[in-house]
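I have a structure I would like to understand better, so I am pasting it below and will then ask my questions one at a time.
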Amino acid sequence: MTKLLYIEPVVSEMVGEWTRYLSQYKCPETEVVVTSLPEGPRHLEYYSYGALVVPRLLNIIKGAEKEGFDGAIIGCFYDPGLREAREIAEKLVVTAPAEASMHIASTLGQRFSIIVGRTKWIPLMRENVIKYGFQDHLASFQAIGMGVLDLQVDPEETKRRIVQAAQKAIEQDGAEVIILGCTHQFGFYQELQGILGVPVIDVGLAALNYAEFLVNLRNKHGWYFNKKNEYLSPPHEEIEAWKLSDLF
Amino acid sequence: MTKLLYIEPVVSEMVGEWTRYLSQYKCPETEVVVTSLPEGPRHLEYYSYGALVVPRLLNIIKGAEKEGFDGAIIGCFYDPGLREAREIAEKLVVTAPAEASMHIASTLGQRFSIIVGRTKWIPLMRENVIKYGFQDHLASFQAIGMGVLDLQVDPEETKRRIVQAAQKAIEQDGAEVIILGCTHQFGFYQELQGILGVPVIDVGLAALNYAEFLVNLRNKHGWYFNKKNEYLSPPHEEIEAWKLSDLF
Amino acid sequence: MTKLLYIEPVVSEMVGEWTRYLSQYKCPETEVVVTSLPEGPRHLEYYSYGALVVPRLLNIIKGAEKEGFDGAIIGCFYDPGLREAREIAEKLVVTAPAEASMHIASTLGQRFSIIVGRTKWIPLMRENVIKYGFQDHLASFQAIGMGVLDLQVDPEETKRRIVQAAQKAIEQDGAEVIILGCTHQFGFYQELQGILGVPVIDVGLAALNYAEFLVNLRNKHGWYFNKKNEYLSPPHEEIEAWKLSDLF
Amino acid sequence: MTKLLYIEPVVSEMVGEWTRYLSQYKCPETEVVVTSLPEGPRHLEYYSYGALVVPRLLNIIKGAEKEGFDGAIIGCFYDPGLREAREIAEKLVVTAPAEASMHIASTLGQRFSIIVGRTKWIPLMRENVIKYGFQDHLASFQAIGMGVLDLQVDPEETKRRIVQAAQKAIEQDGAEVIILGCTHQFGFYQELQGILGVPVIDVGLAALNYAEFLVNLRNKHGWYFNKKNEYLSPPHEEIEAWKLSDLF
Amino acid sequence: MTKLLYIEPVVSEMVGEWTRYLSQYKCPETEVVVTSLPEGPRHLEYYSYGALVVPRLLNIIKGAEKEGFDGAIIGCFYDPGLREAREIAEKLVVTAPAEASMHIASTLGQRFSIIVGRTKWIPLMRENVIKYGFQDHLASFQAIGMGVLDLQVDPEETKRRIVQAAQKAIEQDGAEVIILGCTHQFGFYQELQGILGVPVIDVGLAALNYAEFLVNLRNKHGWYFNKKNEYLSPPHEEIEAWKLSDLF
Amino acid sequence: MTKLLYIEPVVSEMVGEWTRYLSQYKCPETEVVVTSLPEGPRHLEYYSYGALVVPRLLNIIKGAEKEGFDGAIIGCFYDPGLREAREIAEKLVVTAPAEASMHIASTLGQRFSIIVGRTKWIPLMRENVIKYGFQDHLASFQAIGMGVLDLQVDPEETKRRIVQAAQKAIEQDGAEVIILGCTHQFGFYQELQGILGVPVIDVGLAALNYAEFLVNLRNKHGWYFNKKNEYLSPPHEEIEAWKLSDLF
């Protein structure tokens, strides 16, 4: 049994929908719990919103580790707090959508494009593409001109723009795979995949399955984040002495 | 049930050992069949040996697809014929050790080193590192000065050299993860992991679990190699007209 | 008159010393105020410590903007919260030591080496090197094998190791400039510069003078962070509606 | 006297035309023999077709070496089997069109564009651009939407599309040199060069003259592929013991 | 008091205008002298024109050092002779517009575009972008189709084209900052900044203020070009013995 | 008949030796004339010496074009004035040692090392490596600690150090090919090649043969530097009007 925690790092009313959605795509032996934040922003379009939620996110992750979860997924395509979470985790696997979807996309085809809402999102996402090493595999970003909160206003218009942006990415930028960096429309990737004839990555599902994969590697082989150097956890004495414990 | 074919793309007497080894690490619902070539070279240290075995490998892969396998693993760290196999496959998942282990290693730590037998192997392996996009994640290659056939002569000496090379990679080159590009010593990665305290990737097992992961993605989401452009299969009429059928 | 706030983003007893030190190197028309955190970690060697202090740091920066400061310096070589601070700032200039010292170093010579305490620090610092675009200008990292808190234990031993590491960087790695990513020994860069005969960057002073430079550009030309897209501030209504105001 | 073998690595009826064409552009002291395959595919648009022909190609190359040829040219812009051929060759020079034309193009101008038939060809060609190190010199790929076999159907239409693609490459992508990765229209590069006013590389002729150049370097200076490590030939004993001899 | 020499490395009638313009933007304690060449070309659109003026430029720089100037600015966006000038300087700071404006632009936003006159200028400017390490920060070059001498013919048309090119850079290429690589229209950057809402760098002013910054670093910290290796000055004996003295 | 001018861009007493040396390695139909400068520096170890000789070099090149030479070689491994010479040339081929030897070396093996005299030379040579696009093919620079004028003092010591540096490059840095960036010891490359067993490039000979190759391409195909944009020559009227003619 693999127990995963999917954290929406925002205030959200979608916990139930996400639970149902992820449950359709998890492995039989996986149990997925979805959680979100009790207070804070409702989206992370701004860098500073991301920074605000990370301490709380780390707290949730620390709790998940204590409660015996096997893995945690940080459910935002900016992958906020991923590095930090891996550092405080001692055996919990942590992953996030951008990392997961780029590993998958670059295996399915040479170059991928990322469909985003607003151009505002691109600089940080590009930083992540470079950080993870997939710069040569990036065909382009294509923005549809909508903020997170706009995406649900007229779902048909959102879809129409996504289709258009993806077609442009394929024809003009040479994308072999599409990463949907901007939608919460459950299941739309399947429809889009049908229209385009190329793989379309739903980043939440990518993260779910990548987490299952990483837990499997940890269990079978002990392959886990480097805890001797890069992701070395802070010492417990320091945390106590400095009273950081309520933060973790 | 996931049915995988692990192909040793050489003449080998290790089919039984590989079957037992892989069986220990596969998922419960996976069935792994191991096969090797009836004739040809016994290792692929030379580029040209690799080229010689690829047509036969493609034939085996075509056969595996017809027999209903879900995935095939090309069991050599040069990943010979990977691109070609994906092109002829129509629904069979294909992967290989270098690809699989670099995706895993770059998730577990920022930089990895690859332990190889002879410096002769490095140019092609470096090409693959660059091709897969992991150049910024490569700390170094470290060669232990042994050809494939030497590796089994004095297993203790081999291990001693690998330990030394890996320690050099960690201390001198800043490796956070070690990829064992040169051993068939079953299970040695566990021992080495204990000695070094950092993740050590057994590339055959990495490929096995990556294949399971990719089959899962295909089954759940239809995420499969781009067959519309990059991995478009050759047309059947052409294959027939030019009598290439015995080759595939 | 330029008013700058230098923030030690940790609990620190050095506020007085930093004030005196920075005052020696500021421009006549600059006023520098130094502040630190009332609670939290005493160093940021861990990614997660960095994440914990960023919200508080943003709060301080927001406050500095309201109080009429012209610029703020985030006094840690990891540059924590730099991007986020620029986003919430509306006219306040924000900079940090890694950014400042790499711009300077790459102007003074083709390649620089960064002297660090522990190898643990390197992955994040390398990410910053890449993020700021100075990868081709990086000769090497050289670690002296000391954590932040060890640096003050035996100052002579610390200096000895830094000299050794810097000489290795110059002779072996081809560094033309040395960046001191690991010392709080006030003024030691001058001594080291005398020994080595190459420029040695004190990262705190680099940040101070870079902040003065950026404030000058803002005042003279209106050259300020792109606030239309990349560093667009979050809307006030959202901050109020979601009660994020105590966080900023 | 320099004796070169130009191998069309497909079944072809153009051997005579190629012989006449190459003869116009060779050096006086060069003799060029053209050959093709007795069976197999008629083009190499598919990765897997390329893999099928390589063993036979290596056989031809091995034969050419024995017969005293000085150099061999692998006449396909994918450069199939180039690395392998260099490994088995012991004194025979081997080159191929992509390598040759990119060295020439990057000498004549800062950035080149490659005109291709179908977008399907781009991923492998881009891999070669990166492998040979010319990524910073690549302005773009421009596809004319035609497969190899379509190119001869309506030669005027083909030319029209090539002109258009090349003009787009120059005006829009900043190409200073055009590489014709897609035509067998003998001599058309001259016409195109007249229209565009920039160098247009015929890749077959580039390979011919690059082969002459490399043979000259071998003869004059002993500059030949590194046979001590990277292109070390497989040992004869192994080839005999494993009965690989009919393959080489 | 900081004494700077701004050298227009061409024959120019704008010395007076430049003096007035720079004086508006210098620091109070800076004195700026503008000079130009007595004979030679009137612009440096051609590589060879640049080469012709460098010896004379070095002579002027040598003179400036002797006369007690603190810094010199080479007033051309190709940054001609920058490296050479730093080599002969012994304590004089030297900088140039491309270097200065790229350091500033990459601090203000992730990616910048450079507006140029003719596409002819792009190859050398791109070389500089790569040389200085800002390749990942380059969004694009946009050419307005005008040579240096055309720029003043119809100033309104010039402005119209620059606005258009800059808007294209922002919307199409994702530029966060605009560098004006092509105008001598004093003060126009302010107007453009108002229209576009993103920072617009006037490269002459960037160089002026970067020179002030570098002089400040030299005075305060002794941070100066590496004179031990990269910018080591030629020995005086050699210069005398070979009668090069009239050149320096 | 191909007529080449080899220009030693310094004051030299070796014109006779160079003539004899080059004559041994030229093609039968080539005529090589060697020339040097009547006054100026005797080596180009300093950037500024390079700048001083370029105008005179351009003058010689202009003269060579008028006299009917087919090609000119700029005989210094810094490749001074290469770009400028190509711009003023209208049909004369121009090349230089660094360009020529890197094209050759990267064809003969994946990675090359460059043996230099002093570390002072490395920054500019690295710039050229990057500019020509061979950064991924560079294994290392190895300096032997000798200036140009020291190289001839004790030829045996020079050789000993070169052998040692080359062995280090091969064993430690993975070089497959050695480029001799620092010797004028005629013919020594052959001896070194015998010792090391890998290709060793004499950069003067590389330039000679590359010039012959480029002249051949020009004559056969009209493949010449892009004269429409990148290497567009300055207009004659401008040269006359500004009295630049004595310079060209």
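When the chains are written out, they are named A, B, C, D, E and F in that same order, and each has its own residue count from 1.
Here is the rule we go by: a residue touches a chain if its C-beta (ideal position, glycine included) is under 8 Å from a C-beta of that chain, and two chains touch if they have at least 3 such contacts.
Bear in mind the structure is a predicted one, so any value in this text is a computation, not a measurement.
Q: What is the touch distance from subunit E to subunit F, in steps?
A: Tracing touching chains, the least step count from subunit E to subunit F comes to 1.
Q: More C-beta contacts across A-B or across D-E?
A: A-B
Q: Could you put a whole-Å number on the gap between the CA centroids of subunit A and subunit E?
A: 44
Q: Distance-wise, how many Å sit between the C-alpha centres of subunit B and subunit D, to the nearest whole number?
A: Using C-alpha averages as centres, the distance is 29 Å.
Q: Two-or-more-chain contact residues of subunit C, please, as numbers and ranges.
A: Where subunit C meets two or more other chains at a single residue, that happens at 109-110, 119, 123, 127, 130, 136, 176, 229-230.
Q: Could you list, by residue number, the parts of subunit E that touch subunit F in their complex?
A: My answer: residues 11, 39-42, 45-52, 54-55, 58, 81, 83-85, 87-88, 119-120, 123-124, 127, 130-131, 229-230, 232-234, 238, 242-244, 247-248.
Q: Sort out for me which residues of subunit C touch subunit B in the complex.
A: Listed in rising order, the residues of subunit C that touch subunit B are 119, 122-123, 126-127, 130, 141.
Q: Quick one: in the complex, what on subunit B touches subunit A?
A: Touch residues, subunit B against subunit A: 25, 27, 95, 99, 103-104, 106-110, 132-137, 176-177, 189-190, 193, 197-199, 201-202, 205, 209-210, 212-214, 216-217, 220-226, 228-231.
Q: Given the complex with subunit F, which residues does subunit C contribute to the contact?
A: It comes out as residues 109-111, 136, 174, 176.
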